[in-house]
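Following are the structures in question.
One chain, chain A, links the two complexes that follow: it is found with chain B in the first and with chain C in the second.
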Partner chain A sequence: MKNLAPSLAWAYALILYGFIFLPVIMLVLFSFQGTMFPVPPFNGPSLRWYETVLADSRLTSALVNSLVLAVATSLFAVFLGFLAAYGLARYRLPGSNFLRGLITAPLMVSYLIIGMGLNIMFNGMGVPKSLAAAGIGHVVINLPLCFAIIYSQMGEHQVNIERAARDLGAKDWQVLTHITAPMLWPALFAGFFLSMTFSWDEFVISFLLTRFDTTLPVEIWSLLRSGLSPKTNAIGSIVFGVSIVMVLVLELVVLRRRRI
Partner chain B sequence: MKGGQRTGDLHSALRPWYFAGPATLWTVAFFVLPLAAMAVVSLWTLEGQSTDFSLANYRQFFANPSYYRAMINSLEVTAIVTVVSVLLAYPLAWILAEGVPERWQRLALILAILPFWTSYVVRSYSWLLVLSERGVVNNVLVASGLLNAPVQLANTRFATILGFVHFFVMLLTLTIYASLKQLPRTYRRAAADLGASGLQTFRHIILPLTMPGIMVGAFLTFVLAIGDYVTPQILGGNNELLMPQLIMLQIGRRGDFPLAAALSLILMLVVTVAYLAAARWLKLERA
Partner chain C sequence: MNEPLAVIRGISHRFGAVEVLRDISLEILPGSYTVLLGPSGSGKTTLLSILGGFLTPSEGQVLIGGEDCTLTPPAERPTTTVFQDYALFPHMSVLANVAFGLRMRKVKRRERHARALDLLGLVGLDQAARKRPHQLSGGQRQRVALARALVVEPKVLLLDEPLGALDLKLRRQMQDELKAIQKRVGTAFVHVTHDQEEAMALADDVVVMNDGRIEDHGPPEDVYRRPRSRFTAAFMGESTIFRGKVVEKSDRLLVMTPLGKLTAHGEAEEGEEIELAIRPENLKLQGSREAWLHLGRARITDVVFQGSFKRVIAVSDSMPPVQMILRIGTEEGVKLREHVDLYCRPADLILLKA
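This part shows the complex of A and B:
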C-alpha cells in the first residue's frame, strides 16, 4: 500500500500532463505535415505549410496587426492603470471603494458582452468598425487587470521615499516617473506582459469590432471554415509560440526576480 | 492629502482626479455607457425597426423554448465542466505541491499550464484535430481493434465539455496549488500527532482550508465558461446551442441587435446572481 500510492500519483500526473499536452502536440506536429491533411499518418517533417502561411499576405498583415494592437493597448492599459492605482493608493478620494469597484468591474463581464456593448454603441454613434475600435475593447479588458496588479503592489514603504523626493522639490510627474514607476517596475512589467498575451489571443471583441483589417485570431477563425488543414496548424503554432515567448519573458524577468 | 497644502485649494482638491480620472472616464465611456446602450436597445424591437420601448425581447426569451433551452444547456455544460475540472485538478495540484521536490515545482507548474496561453480559437482547433473522424483518438481506437469504425466525437456536447475541461483543469491546478502552498505544514503534523489518519486530516483540515481557493477557481471557471462563444461553436457545432452561440446567431444571421442585447443582459444577470451567491458563501465560510 505504501509503495502503491506514489506510483499511482505519478501515473495520474502523467495521464493529466498527457491530456494537457495532447492537443498542443497534435497542433505542432502536424504543422510539419508533408501532405494535405493534419491527421495521422505523419508524413514529414516539411516546412511547406509555414511557407504557405508566410506567403499569405492576409495572414502576415493580420499577424502584424495583432502585434501592434497588443503592444499599443497594453502600454495604454498599463499607463491608465498605473495612474489610477497611484491616485487611489496615495490620496483619499470620496467614494474610492466605489471607484476601485468600477475600474475592476469589466473583469466580471464576459468578452462577448463587452464587445457586443461597444458594437451597439459604436453603431449608434456611426463609428465604423476598425482595428482602433477593437483596441478600445482590448484596453477595457486589460485596464482592470493592470490596475489590480499595480494597486496590489503599492505599499506604505514607498510613501516616505516619494515624500522625500517632493520635499527636495520634485514635481508630481517627476515623482511618478523617477521614483514610483522604477520602484514598481515588476508590477508594471507584469501588467504589460499579461495584457499583451490577453490582447494577442483575444478573439470575440476583435471579431465584433473589426471588418476588413483584422487580427490573427479572427483570420484563423475564417480559415476554420475550410476544415482541417496543416496551414491552420502552422499559423496556430506560430500564435502559440509567440504567447509562450511572452509568458517566458514574464516568468524570467519578473517572477524570478521577486523570489530572490 | 499629502503635499497638497502648498498649492491652491481647488488645485489640491482636484489633484487626485488627475490620476484616477482617466481610468474612471475610460471605464465609464467604454464599459458603462455601452452596457447602458445595450439595455436601451434591448427594449426596442427589430420588427418594423420600432424604437418604442417594450419588453418583447425578454418575453420572447421565456416564451420560446429554443431560447431558454440554450440557457439550460449553458448552465448544464458549465456545471459539468466546473465539477469535472475541480475533481481532475485537485489531485494534480496536490501531487505538484506535495510529491514534487521543491526545486522542480515551479517548472512542473509552468509546464502544467503552458497550453493555457494559447488563444481560444487555436486551442479549440487543436482539439478538433484530436477528435476528428480521422484524428488521433479514432485512429488509435480503430487500429487497436476497440472500434470497428470511427465514431463521431467532434460536433458533440462531449467535445465542448472536453475542450472546456482541458482549459479549466490548468486554471484550477494553478489556483488550488496556490492555496495548498499557503497551508502551514505544521497543521498536518499537529493533526497526525493528535491521531488523525491521512484521510481524516484531509477531510477535516486540508479540504476546508483550501475550500476558498477552490471556490475562487470554480467561480472563475463558471464565469469564463458560460460566456465563451468560441469553444462551443468550434467543438460543439450547431447541433445544440449554448447562450453565447444563440446571441451571436441573432447578430450574424438576422442582424437582430435588440434581441442579442436582451439575451446578453439575461446572461449577465445569471453571472451576477452566481457572483453574489459565491461571494456570500465565501464570506460565510470564512466567518
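This part shows the complex of A and C:
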C-alpha cells in the first residue's frame, strides 16, 4: 500500500503532462513525416516538408511579417506603457485610479471584441485592412500588459533616486533615459518579450484586420482549410520553436537576473 | 567673510491645513557647518527640502549667494543633497555615480572621471570605483553619496539625516570624517538630525527646531550652556528642571522654588513664574555655603555606572519633590537610598521662561 501512493502520483503526473504536451509532440513529430499525410504510421524522419515551407514565398513572407509586426508593436507597446506608468506613478493626476483602470481594461476584453471594434472603426474611417492596422490592434492588446508590468515595478524608493538625479542637474528627459528606464530595465524587457510572444501567435485580430499581406497564424489557418498536410505541421513547429526561444530568452535574461 | 551665504527669510510652509514651518528666518555663513536639530515632525526636513528646491514654501524667500532661489528648481540651484537612503544609482558603477553630476554639466568624459576619482579619494573609496552600489557597505554608500554631491562643487551641501541608517559605532566614526571633509572642502554644510550628540559633535551652528519654529540657535556650547527654552534644555542633553517665582529683582534675581530661595541670573520681572534648569554635571554633592547654592537634601533612587561617569537620579525631600539628575565621577561613592546634600553654582542655574 505504501508504494502505491508514489506510483499513483507518478501516473497522474504522466497523464497530466501527456495531456498537455502530446498534441505538440505529435505536431512536431509528424512535421518530419516522409509521406503525404501527417497520420501514423510515422515514415521518416524527413525534412522535405520544411523544404516545401521555405520554398513557399507566401509562408516565408508571412513569417517575416509576423516577426516584424511582433518586434515593432512590442517596442511601441513598451514605450507607451512605460510613459503611461511613469506618468501615473510619479504625478498626482485627477482621477488617476480611473485612468489606471482604463488603461488596463483591455486585458479583460476578448481579442475578438477588440478586433471587431477596430474593424468597424477602421471601416468607418476608411482605413484599409493592412498589416499596420493589425499592428495597431496588437499595440492595443499589449499596451495594458506592458503598463501593468512596468507600473508594478515603479516603487517609492526610486522616487528619491530620480530626485537625486534631478538635484545633480538632470533634466526631466535625462532622468527618464539615464535613470528611470535603466533601473526598470528588467520590467521593460519582460514587457517586451511577453508582448512579442502574444503578438507572434495572435490570430483573431490579424485575421480581421489584414487582407493580402498577412501574418503567419492567418496563413496557417488558410492552409488548414485545404486539409491536413505535414507542411502545416512543419510551419507549426517553426512557430512553436520561435515561441520557445522567446520564452527561454525571457527566462534567462530577466528571471535569472532577479535571483541575484 | 561674515556676509551670509544663504539667507532664509520668513519661511512658512503648510501641507494642506497643517502648518509645518512658521516664520523661519536663518542665515548660513560660508564654510560653516549648520545642524538642524529637532524631533521628528519639527519641520527640519521640510526646511532642508525648501533649501534644496524640492519644495516651494507657502511664504518667504530663500536667497543663496545673494540671489533669490525660492522658485529655482533643484537642478539649477547651487545646492546638492545627500539623501537619507543615499539614493545611489543602482545600475551605475561607483565612479559613474560620482561623475553623474559632471556628465549632466557636459564635462568631457576623461575630465569628469578624473574629478570623480579625486572625490572618491577624498572619501577614501578610490579603490571601489568600479564596484556597483549594492556591493558596498552602508558606510561606503554614504561616502559615495557624499562624493557624488560634492563633485559638482555646490555652494551649500544639504545632508538629510545622513548617518541615520548606520549603527552607532560607525555613526560616530562617520561624524568625525564628515567634519574633517567639510573643513577640507570648505563648503557650507547644512545637516539635519534628531541626534543631539551628533549635532554637538559636528555643528559650528546648531539650530534647534520644534513644532515648525526655531527654538534656539547658536554655537553648540552656548545652546547647551544657556538654552533659551525649556524644550532646548530638555532636548539638548538632560537637565533637572523645576518651577519658581521671582520674588525680588536687583542685579540678580531671587527666586522662590521648592528647593529654597535661590539667586539666579537672567531677565525676568518680579512676580513672574519661571523655570530653572541645571545640567547634570553642574549638580554637586559638596560645596561651600558661600560660593554655592544649597539645593537641600535629596534621596538617591538610582545609580547607573556609564563607564566614564555615574548617572545618578535623586528625589529632593522638598514639597513638591523634584527629580534631580546628576553626573558624578566614578570614584565618588554614593549608595542607593542614601540622603545627600546637593549644590550648584548660581551661574549654572539656567533661567527658562515658562
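Everything below uses one rule, namely that the second predicted complex is superposed on the first by the 258 of 260 C-alpha atoms of A that agree within 3 Å, B and C clash if a C-alpha of one lies under 4 Å from a C-alpha of the other, contacts with A are read in each partner's own complex, and residues count from 1 in each chain.
Please note the rule applied: contacts are C-beta pairs under 8 Å (C-beta built on N, C-alpha and C of every residue); 3 or more make two chains touch, one makes a residue touch a chain.
Since we're looking at a predicted model, the values are computed, not measured.
One of chain B and chain C touches more residues of chain A, and that partner is B. Judged by the touch definition given at the top, the superposed model places A:M36 against neither chain B nor chain C.
Judged by the touch definition given at the top, the superposed model places A:Y17 against chain B, while chain C stays out of reach.
When the two structures are aligned on the shared chain, A:L143 is found in touch with chain B, with no touch to chain C. Of the two partner chains, chain B is the only one that A:G87 touches; chain C does not reach it.
Once the two complexes are laid over each other on the shared chain, residue contacts for A:I161 go to chain C alone; chain B is not touched.
Shared-chain residue A:L228: touches chain B; no touch with chain C. In the superposition on chain A, A:L252 contacts neither chain B nor chain C. Chain A residues 163, 166 lie at the interface with chain B in one structure and with chain C in the other. On the chain A side of its complex with chain C, the touching residues are 157, 160-161, 163-171, 174, 178-179, 182-183, 185.
Per the touch definition, chain A reaches chain B in the complex via residues 6, 9-10, 12-13, 16-17, 19-24, 26-27, 30, 37-40, 80-81, 83-84, 86-88, 90-93, 96, 99, 102-103, 105-106, 108-114, 116-121, 123-124, 136-137, 139-140, 143, 147, 159, 163, 166, 172, 197, 200-204, 208, 217, 220-221, 224, 228, 232-233, 236, 239-240, 243-244, 246-247, 251. On the side of chain B, the complex with chain A involves touching residues 1-3, 15-24, 26-28, 30-35, 37-38, 41, 88, 91-92, 95-96, 99, 110-112, 114-115, 117-123, 125-130, 132, 134-136, 139, 166, 169-170, 223-224, 226-230, 234, 244, 247-248, 251, 257, 260-261, 264, 267-268, 271-272, 275. Touching chain A in their complex are the following residues of chain C: 52-54, 73-76, 79-81, 83, 85, 87-91, 100-101, 104-105, 148-149, 152.
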